[in-house]
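The first chain written gets the first letter, and so on, giving A, B, C and D; residue counts start at 1 in each chain.
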Amino acid sequence: MTEKIARDEIDRLLTTPAYHRWLGLWLEDVGPGAVTIGLPFREEFLADVDGSYVHGGVLAALADVAGDFAVIAQVGYAVPTIDLRVDYLRAARPGMELRADGVVARAGRSVAVANIRVTGDGRELLLGRGLYATGTAPPAK
Amino acid sequence: MTEKIARDEIDRLLTTPAYHRWLGLWLEDVGPGAVTIGLPFREEFLADVDGSYVHGGVLAALADVAGDFAVIAQVGYAVPTIDLRVDYLRAARPGMELRADGVVARAGRSVAVANIRVTGDGRELLLGRGLYATGTAPPAK
Amino acid sequence: MTEKIARDEIDRLLTTPAYHRWLGLWLEDVGPGAVTIGLPFREEFLADVDGSYVHGGVLAALADVAGDFAVIAQVGYAVPTIDLRVDYLRAARPGMELRADGVVARAGRSVAVANIRVTGDGRELLLGRGLYATGTAPPAK
Amino acid sequence: MTEKIARDEIDRLLTTPAYHRWLGLWLEDVGPGAVTIGLPFREEFLADVDGSYVHGGVLAALADVAGDFAVIAQVGYAVPTIDLRVDYLRAARPGMELRADGVVARAGRSVAVANIRVTGDGRELLLGRGLYATGTAPPAK
């Protein structure tokens, strides 16, 4: 649990959106400015003609969400992505359950930067960094 | 059609992989070092609790594929993504049919760079750039 | 000249800072949300043991400035860089006079994105993209 | 010292190029796939009309060199930069002595990825990541 947002609310923001549900994302861990997101394997994730690895777009989505929710865990509300950069280090293989760690590097009044790492079977598959717009807090109700 | 690879073969590489089929990607146009990829809307693409916009991970996947297939159209064989960078300019709204243009900026013996642009209703939604590994031509049969 | 800032003022912002003066940057052209910056060659720019090409850090600085001043030409005041991404396509050779084009892709209330292209002898040497903080207008005097 | 290249040779590659000499770069530490580079302050580094912070292009050059030499420390020979991405977290102030850490995240036969961090007065000023071409080993003599 963080101070600005309850774990249940982060969980709700993560598991309600249609694309998150289709992917199967779940919240493994959350702390101040940091989350770990899990992603089980689906056959529809496969990328190539031979079905030998998971599509980079699936990993990019997972990375984006990990960075995004790290910022949410820090600022306490949903934030849109401004830009995302991902480096693919190794392929994710069929059947692999994936983990993505997002950690806020710096959060300011208008933008926040998060570091992202996706692993599978304990190896680094992707390194990423994302920028998120923090100047969009919803009006208090 | 390009000289190193037939349009039918590009189409097969695009429409066979499981994730491409799930997304619904189709080849709108192809030329030397350039492709246009279409993506119809699906309800499962929606990103947020209110379902008000398409997930950035879907746009990133579309962008990755557009850059990748621009390089394929140039070099004639499938190439893995090394890195991808996307800037989100505007949200893709529910029901929008998307287009992604990929154009090779430079292709060398080991890497190729492609410029990427995703549009919806004629407006730029995403600008991207991707790096692809070209030093992986399959052995001649 | 643009509407929000005079060309003379852009020129002053470009040619006053110490690092800009050392590099030798000059304003070749400016329009709404777009600039062309020139950079003459200096021996101190050379990168390697053999002095065979210009350092990537010099090109990155030139790229940063081109994107930055494109945004300045649009919003009318100095803006800090949030992030910068550069792809090196070809080496800049000793003696080459360089040009950098910066063009705003989208400017919002808190951030602006600019596309950047550096050329030498008419060839593309670098493609870049930068994000700049626009929410920092100085108080009116 | 690393196994593939002596520290003296890394030092020579770092301190011989004209731009490195002008910047004043020095090798603080080196290990397998990792370096720390120091950069003393120069008045010519200042960025703005008021001279209140160091130019982002100087930091980008320092970041590029740190990533590059991390790869050199791993593969044993000079490598060109393919792409570089930098996030500016905080301004470098006049008089600050800077440090840049470069660490190889993955080195393959054609490309290597390095993580980069620039600090000043013990605070993170910049996070970066660079891609370097490793398939360019010089012919044995």
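Note that in this section a contact is a pair of C-beta atoms (placed from the backbone, for glycine too) under 8 Å apart; a residue touches a chain by one contact, two chains touch by 3 or more.
All figures in this text were calculated on a predicted structure; none of them were measured in a lab.
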Chain pair, C-D or A-C, that carries the greater number of C-beta contacts
C-D
By mean C-alpha coordinates, which chain is most distant from chain D?
B
Could you give the separation in Å between the centres of chain C and chain D, each centre being the mean of its C-alpha atoms?
21
Between chain B and chain C, what distance separates the C-alpha centroids? Give it in angstrom.
29
Expressed in whole Å, how far the mean CA point of chain A lies from that of chain C is 33
Residues of chain D that touch two or more other chains sit at 82-83, 85, 87, 113, 131
Complex interface listing, chain B residues touching chain A:
12-13, 16-23, 43-49, 51, 55-58, 60-62, 64-65, 78, 80-88, 91
Would you tell me which residues of chain D are touching chain A in their complex?
85, 87, 89-90, 105-106, 113, 115, 124, 127, 129, 131
Which part of chain C faces chain A closely enough to touch in the complex?
82-83, 85, 110-111, 113, 131, 133, 135
